[in-house]
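The next part holds the structures, each set out as structure tokens.
Next, two complexes with subunit A in common: one pairs it with subunit B, the other with subunit C.
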Partner chain A sequence: MPSDPLKLRQIQSIAFFAILAALTYGSIVITKYDVVQGFTAIPRAFSWATTHFIPDEAAWRRLPRILEKLFETILMAVSSATTASALGLVVALLGATTTRPHPWFSLPARGIASIFRNIDVSAWALILLFSFGQSTYTGFFALFFVTFGFIVRVMVETIDEVGMASVEALRATGANYLTIISQSVIPACLPQLISWVLYMIETNIRSATLVGILTGTGIGFSFDLYYKSMNYSSASLVVLVIVVAVLIIEALSNVIRRAVL
Partner chain B sequence: MSQRSEPLPRIRVRPLTRANLSIQLTLLGLTLLTLYSFTTFDTRGIGLVEALQDMLNNFRLLLLEPRLRSVSFADLLEALFVTVGLGLLTTVFGAIIAFFLALFAAQNLAPIWLNNLIKGGTAFIRAVPTVLWVLFFAVAAGMGSVAAVIGMTFHSAGYLIKAYAESFEEIDAGVLEALRASGASWWQTVFQAVVPTSASALLSWTFVRFEINFSTAIAMGATAGAGGIGFDMFMASAFYLDLRELGAFTYAILVFAMALEWFATHMKARLGKSRE
Partner chain C sequence: MALLQIEALTKSYGNEARALDQISFSIQAGEFVAIIGPSGAGKSTLLRCINRLVDLTSGDVRFAGVSVPTLRGGALRRQRTQIGMIFQHYNLVNRLSVLENVLHGRLGYKNMVQGVLGLYSETEKREAVRILESLGLGEQIYKRCDQLSGGQKQRVGIARALVQQPKMLLCDEPIASLDPNSAKIIMDTLQQINQKLDITVLVNLHQVDVALAYAQRIIGVNRGRVIFDGPPAELQQEQIQQIYGSESGELIFSLRERYAI
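Let's turn to the complex of A and B:
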């Protein structure tokens, strides 16, 4: 081991990149990824897109139907994010070090949240298909569970960051638990919570498309239907509509974030 | 509280500022949208209460009685490695592309018109869900790992360009100015100042993306023919209707995702300490 710290750092970096290169090569082998085909497919895909992946007149006539599915999907993303965040806030209050009613609450609250967020939304959809079939519930609960797990994680951190000082101050005045929570912790955390809810709505709209393909609902199902029947011009209109919707919602979220934070 | 003899004049604890008003309006809007959403659900005649009971029963089967039937444990591990490999590959490719493009997307390193061009392009790339990128490339490349890798790389690059560019923009302007004043070339500035100061931020963003790509890889196996554990889960759910086998796969992805999250949290804590 050289004693020169710069030299040591250099060796560490080289070792890091060597291991990464080896892992990358291993990944290419195990996934059977054809590197050459990978590079040539990109220009081929885009040149194909300029002639085939463009909405034609027949596709535009389907716009009202597509928009209807889009709104259904957006509403599902909003309602799942909102309800999951409300429940997530409650569980985060039980789990956070500053606000937990008893130290025993922390581990179960965080553990349950961890299970919910670490099972991917597509896996949730496949699991929930057994109980809810091809109804909107499947997608709603898949998004709900993942959002819930995520919100608990970030809100536990937020509560511990912003809550500590004010909770101590209020406790010193003799305020009871519920007063402290409702008058100090929640108002202090609300701007952050809203920011995370908006983030989850953005994420959920993208995930909802995926879940829709799996469960046969919403805008994802529309895309899948056109795609599988090789009606690529209609499929391209679905993509276009999703892009516009996501960009509008992102812009709207940024406006709200700036006003709230 | 009840000892009060006469009601105190109500003191406005939280004055109605613009921020408070916005918070209340946002909450109201979200609540109304949520309530409206419930009336539009396509329930397909499924009773919520029975379905929820059924769900709890299914969770019990899934989590307490997992077992493999159509595949062996070795197959499961191999499928998991394929999914991890897919996530790793697309993260590495995405990171390499993103590093160079992010240099041109950062305001302190490139002209503003170039920033806007790249940032606009990446906003578009990110707005398209990953699954649609993969299916788009599948038309030219066929269903399989090639389409999955390109599609996921596209979205990863779009995400990482934004994250890296923001990290670059946080660099102390004085450091860059000092290097420029001493006559350092643009690439020297990048490799002597930009990369060393933002290395830990870049590393932690890349790891976050690896976590995302691992779960995306599961989803692409289930929806876009990318293989791996996602495909096995899809088969167990839609084809064999085997909840207990689905449970075994669920445990596999759960354990791996939790390990990744644990590693990320500890890495962040260590990076945070070394920065102080």
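Let's turn to the complex of A and C:
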């Protein structure tokens, strides 16, 4: 073992890349993956997509119906994000060190949030399918649960970060608990809260497509239907419409963010 | 009768050494008292035991004849309205206006509905503006607090304490984050409040020179014990060394020389 720390570092990085190369080669051998064929397939995939995955005239005639489904999906994403955030804020206030009514509240609040967050939205959709069947409720609650878990987590951190000092000051004036929350914690956290809600709306619109495929609702269902009936041109229009919708909503929320922050 | 009477106040955290150990002193109405001591001596904890932001382990604190340690709920909040508090980091809600932050000082007098909705009377608003003007912040009333300098923020903190119409001000290192110029303005303001409004001032400081220049009485604390309690003229070099530890003796001595001349 050389005593020179620079030399040691060099050996460490060489060893790292050697292990990485060995792992890659091992995986290729085990899965019998043909590297050459894999890469040469990319241009063929593109040429297939450009010939088949292009909206044709028949697809454009279906645009009003697709937009209707898109609207349904966006509404579901927005309503699940906002209602889950409202509930999430309450639970975050109970869980944050600064605002919890009693130290015992913290662990359950954070624990529940962690469970809801760490089960993926597609898993939630499949679980809820048993309870609600193929309906909008399934998608709504799947998005609701994941948003709820996420908002609790980020808001607990935000509240502890920005709220601590002013909470102490308001306690010293003799203000009661709910007054302290409404007059100091909420105003201090509001920009971050709005920003996270907007982020969840964007995320939910993307997830709603996947959830729709699984639960048979909204724009995801349209995509699934066209795709499985090999109506690729209509399926491509659905993808195009989703991309445009997400871009517009991202731009909108950036404008709102700039105004509130 | 003394305005504030502290008897055998002890505070310990878990099984660790006592943060405050058998502290006893009393303060008469109208006094300007400085508590000096090194960082971690327990000065902040001592101040927070007076308005019960921190619960004491044993001993008694009597403020205006009322025993503080046993107070709960509404009675505790009413007690807190009589004591204003000023913090090292100002503890304002930075996103709110100067006026809103000052009005927070009235929240201790509000019932649940008024407090949560932040309903202030015309008289309270006029009083807040009057206090802000008297502190030289007449131009800043509608500015957001994050646009202010450190010295201005601390004056907002003082205004918030004054609208409480307190009998006493607790100041926790009010000038520790300020430049010398702003620090002087803040200390002069506290002195004027003490002399003109006849409000008792208890201020934590770690600068001996400032304490000597402003306080009528100095209480020296080290490791949770009172080492010295008397007028500035009686504070000797040995006692300063006892308060701050022997190593810092020389530096403190030179400061003392300058002020003695």
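Here is the rule we go by: the second predicted complex is superposed on the first by the 223 of 261 C-alpha atoms of A that agree within 3 Å, B and C clash if a C-alpha of one lies under 4 Å from a C-alpha of the other, contacts with A are read in each partner's own complex, and residues count from 1 in each chain.
We take it that contacts are C-beta pairs under 8 Å (C-beta built on N, C-alpha and C of every residue); 3 or more make two chains touch, one makes a residue touch a chain.
In this text, all values refer to a predicted model and were calculated from it rather than measured experimentally.
Counted by residues of subunit A touched, the larger count belongs to B, out of subunit B and subunit C.
Of the two partner chains placed by superposition, only subunit C is touched by A:A165; subunit B is not. When the two structures are aligned on the shared chain, A:L6 is found in touch with neither subunit B nor subunit C.
Of the two partner chains, both subunit B and subunit C are touched by A:P191. Legend: residue contacts after superposition of the two complexes on their common chain; A:S182 is shown touching subunit C, with no touch to subunit B.
In the superposition on chain A, contact of A:I28 is made with subunit B only, not with subunit C. Of the two partner chains placed by the overlay, only subunit C lies in contact with A:T173; subunit B stays clear of it.
Once the two complexes are laid over each other on the shared chain, residue contacts for A:Q134 go to subunit B alone; subunit C is not touched.
Overlap of the subunit B and subunit C contact sets on subunit A: residues 183, 187, 190-191. Partner subunit A is touched in their complex by these residues of subunit B: 13-14, 18-19, 22-23, 26-27, 30-31, 33-34, 36-38, 40-44, 46, 48, 51-52, 54-55, 58, 62, 78, 81-82, 84-86, 88-89, 92, 123-124, 127-132, 135-137, 139-141, 144-147, 149-150, 215, 218-219, 222-223, 227-228, 230, 233-234, 236-238, 241, 243, 246, 249-250, 253-254, 257-258, 261. Listing the residues of subunit C that touch subunit A in their complex gives 51, 53, 76-81, 83-85, 87, 89-96, 104-110, 112, 115-118, 157, 160, 164, 170.
Residues 20, 23-24, 26-28, 30-34, 37-38, 41-42, 44-45, 48-49, 53, 72, 75-76, 78-79, 82-83, 114-115, 118-123, 126-137, 140-141, 183, 187, 190-191, 194, 197, 206-207, 209-210, 213-214, 217, 220, 223, 227, 232, 239, 242-243, 246-247, 250, 256, 259-261 of subunit A are the ones that touch subunit B when the two sit in their complex.
Within the complex, the subunit A residues that touch subunit C are 165-166, 168-176, 178-180, 182-184, 187-188, 190-191.
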